[in-house]
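Each of the two complexes below includes chain A, the first together with chain B, the second together with chain C.
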Partner chain A sequence: MIKTYRMYWEFTRKSFQRSAAYRVDSWSRVLGNVMSLGIWGCIWFALYYGKGSVENISFHSMLSYILISMALQGIHSAGTPLWEIQRRVRTGDIAIELLRPYDYPLRMLFTDLGSMSFYFITAIFPLYTVIFIFFQPNIPLSASQWGLFILSAALGYLIRYSLELTFGLFTFWLVETGGVEDIFYFSISLFSGSVVPLWFFPDWLASIASLLPFQGIYFVPNAIFVGELSGQAILPALLNQVIWLVICYGLLRFVWAKASQKIVVQGG
Partner chain B sequence: MLKSCLRGLKFYFYMVGVSIKTQLQYRYAFVMNILGWAMTYAGTAITMWVMLYSFQTIRGWMFWELLFLFGLSVLSWSICIIFFFHFRNMDEYIVEGTFDRFLVRPIHPFLHVVALKFDVGAFGQLLFSIVALIIAYAQLGLNWQLSQWLIFLGAVIGGTLIQGGMLVLISGVAFWTTRSERLFWTLMWPAKNLMNYPLTIFPRVIQLLVTFVLPFAFVNFLPALLLLDKTKESFAPYWGFFTLPVGVIFFALCFKFWTIGLNHYKSAGS
Partner chain C sequence: MSIIEVKHLYKEFKIPKRQEGMSGALRSLFHRQYLTKPAVNDISFSIDCGEIVGYIGPNGAGKSTTIKMLTGILVPSSGYIRVNGLIPYKERQRNARQIGVVFGQRSQLWWDLPTIESFELLKQVFQIPAERYRQNMARFRKILELDEFLHTPVRQLSLGQRMRADIAAALLHDPKIIFLDEPTIGLDVVAKERMRSFIREINRERGVTVILTTHDMSDIEKLCQRMILIDKGQVMYDGELAKIKETFGKTRILIVDLEEEIVDFSLDGVEVVKQEGNRRWLKFNRDTITASQLISRISENYNVRDISIQDPEIEVLIRNIYENNLPSEQAFTNKAKP
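The block that comes next holds the complex of A and B.
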């Protein structure tokens, strides 16, 4: 058990070191993240221009929301992207992984953890510390709020990871993944509340969003962070995230099991 | 002169024909590619709609006006993709030495690069933008006279030239640095996304930058002011008349830069 754990941990360590070697990649990602933050900051500023509170959300809360959302999206962006998973399936690189004595989805998770923590320590954390000092957004005021936020963000990360890998594995059955990929990106960008929080959705759309797993990725942790989701309301939100994580992870395991068989068949 | 031009065109159409044939080889992929792009842009439009549901307007722009602005930018971008999108891959052609081959062919290297790909995937964007513009036109109750249609046409052609010029400029940089793809994603892509929203929501510095340095404002924002009759903006509406000349001049400058790069070019060696 300890030994297995140590093996996966080794992947994290190596991927951390690899990220350190490819720093240009990291810098261009930071640049992209900051520009995206700038654009969305301007958009929200303009939307609130001349208005006080909309749907009981003040501009300051919204600014805090978009700041933490972009920070989280920055961290997520250091993981293996969907197109990379698709490329591995298409080129057959993934077949080699099956020969090796580890569980592929878990290995991926630990590898991403390495590149993610490198990116977090060297880029996102210092950058957003400066931005946060400058803009003075709402931040969690108590240790418990911080704890709940981190827990929720971690659950969100795992949900996104499970979904992204599952969608990537669909490549085994589809030669061309165009449509599937677009559904994934659209859902991730709209229903997760990545740039437009669910508060501002029309009621019918908000109820659809609340029935989907995507809101657990950014919306719930962001809302906890800015203090709009607090007290008793946090518990059901977290529970919802846990349930979706179990479902998404289960789906990932199921698709992975089917996909591994598919490789065996193709390999003859 | 005329003869060589005609020969160039003949080559061009031949190569485009080949390019289309290769893309049509996989029917399912072809259709999904087009649908995929249309859906991606529709997704952005839906996000805009959701965003404006509670807020109604963004600096005086309502959703249908925003959709018009977005549609206009996507329309010229889709035409630009057909001819110029693969210019961002210039670094690949140079690093892999493919570009050296273009130099010994009986066609101008620039025309050769243009002819390399005729991206049918762009029909997805084209489809989206036309539908979006028709819906916006109807919802806004517009009724254009001939002069406005001419301005619209000028905006589409000029916009194509401005964005195409940008891609040519970026690819020209690769003659010196052998890098262009990254430049596209870090410089041009964000600037393009900026233009999906009314320019007035951004800081003054950026407004000046995309008007006078990289003239993206002429692609959709300035013509839209004129076409939607928006007079209460910080730009006078007559700016929108200039999209076509700005496009022609900007493209000419970028092409000049490209040819200077071409003369400077010494094979990457391998």
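The block that comes next holds the complex of A and C.
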């Protein structure tokens, strides 16, 4: 058991090292993240212009929401299992992964944790520390709020991970997955509350979003971070995340079991 | 004792049938027809512990499909398959521990990291005991001369270096069986020779069973006692290499250099397949006339400057088996050049 975790941990370490070999990629990703932050900051500024608050949400809260959301999205962007799995299936390199005595989805997760932590330590953390000092957004005020935020963000990461990998596995059947990819990225950018919080959704859209797993990815941790979700309301939100994580992970395992039986190795 | 056993193995692939034209393309969006193509069509063989077997056949014969089923990454359509007692596709991860695989055309090393890092990763993946890892590494570094590039990122290695690193990676966990899928593809003569002698050595010293697919017949000639020849998903020949020559290569070519130009050179039971100046290529069948009989008959009638005998080349024999589905008399007329 410990040995098994040591093995997966080794992937985290190696991937951390590998990220260090591609620092330029890391910097260009930061630039993209900052640009995205600038655009959404301006859009929200324009929407709020002349108004003190919208639906009881002040501009300051909204700005805080966007800041933490972009920080989280930056962290998520360090690992893209969908592309990774697509590339491996297309090139046939997936064969190598199947010839190893480990669980591929799990090893992918641990690998991504490596690149994620490298990116977090070297880019996202210093960058957002500066940004936070400059803009003075709402941040958690108590240790327990920090703790709940981190827990919720971690659950969100795992939900996104399971979903993205599941979508990526459809490559096994489809090979070309442009459509599937679009559905995934569209759903995640709309329903996760990545740039528009769910409290601004019209009722019908909000009720759809509340029935989907995506809100657990960004909306819940963001709302906890800026203090819009607090006290008694946090518990059901976290529970909802846990339930979705169990469902998504179960789905991932199911699709993986089917996919690995159905493999067609491209070329040679 | 057989370590690999395959009985009546089948693998079919479903291929979507393309329909003609625009309307066909539209129709196939809603209603797709499939063709079933058998890639492996009733193959049976068994391989003993410690053998080196050449598994050969033309492109698309079903070689790689078989290898993939043996390694557990493809599920057979039907048939019996055991690799050291395991059903590969059902126990893929356990099977992975007892086999090593080298795909000549793709690397199993971590592309962006120094080569040594991939070895260290494999040490963790296969949970190789530290002492064993140290011994194996020391050995591979020496025989495969890994030291010259151990700290170079894999993407910067030459093909020869990469193949050496890859084969070391496949053997690090002391597998009982190693599958080599075109291990010498693209290598220069020196690198090929080095690869072959390494394969021979690990087979001899560690008793590793080797299954080798290749298009290079000299790999087969230099390494394998036995070969399994497949085509169109079926076994065409399974046996000793020497026997193929014996059975399928009864005809030989005698090359004679005559002293003077003779226009109507002829001998009974011999066919002149080619001529060039004073040189004649004579095809004869070993069963009807021996080489020495032939030579003495020629020298009785003509003044001979030089004489040499050409063996049928294995490559040509095999090509003919593929092309005609049977041993051909022409096994080497095409090849009959000095």
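FYI, the second predicted complex is superposed on the first by the 261 of 268 C-alpha atoms of A that agree within 3 Å, B and C clash if a C-alpha of one lies under 4 Å from a C-alpha of the other, contacts with A are read in each partner's own complex, and residues count from 1 in each chain.
Here is the rule we go by: contacts are C-beta pairs under 8 Å (C-beta built on N, C-alpha and C of every residue); 3 or more make two chains touch, one makes a residue touch a chain.
Just so you know, these numbers come straight off a predicted model, no measurement behind them.
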First (chain B), second (chain C), both or neither touched by A:95: second
Which superposed partner A:18 touches (first chain B, second chain C, both, neither): second
Chain B versus chain C as contact partner of A:261, first or second or both or neither: second
Which of chain B and chain C A:6 touches, first, second, both or neither: second
Touching both chain B and chain C, residues of chain A: none
List of chain B residues in touch with chain A within their complex: 26, 28-29, 32-33, 35-36, 39-40, 43, 46-47, 50-55, 58-59, 182, 185-186, 190, 193-194, 197-198, 200-203
Parts of chain A lying in touch with chain B, wherever the complex brings them together: 28, 31-32, 35-36, 39, 42-43, 45-49, 51, 54-55, 175-176, 178-179, 181-183, 185-186, 189-190, 195-196, 199-202, 205
In the complex with chain C, residue positions of chain A that touch it: 3, 6-7, 10-11, 14, 17-18, 21-22, 91-93, 95-96, 98-103, 260-265, 267-268
Chain A-touching residues of chain C, taken from the complex the two chains share: 13, 64, 68, 71-75, 89, 92-94, 96-97, 99, 101, 103, 105-106, 108, 110, 112-113, 117, 120-121, 124-127, 153, 181-182
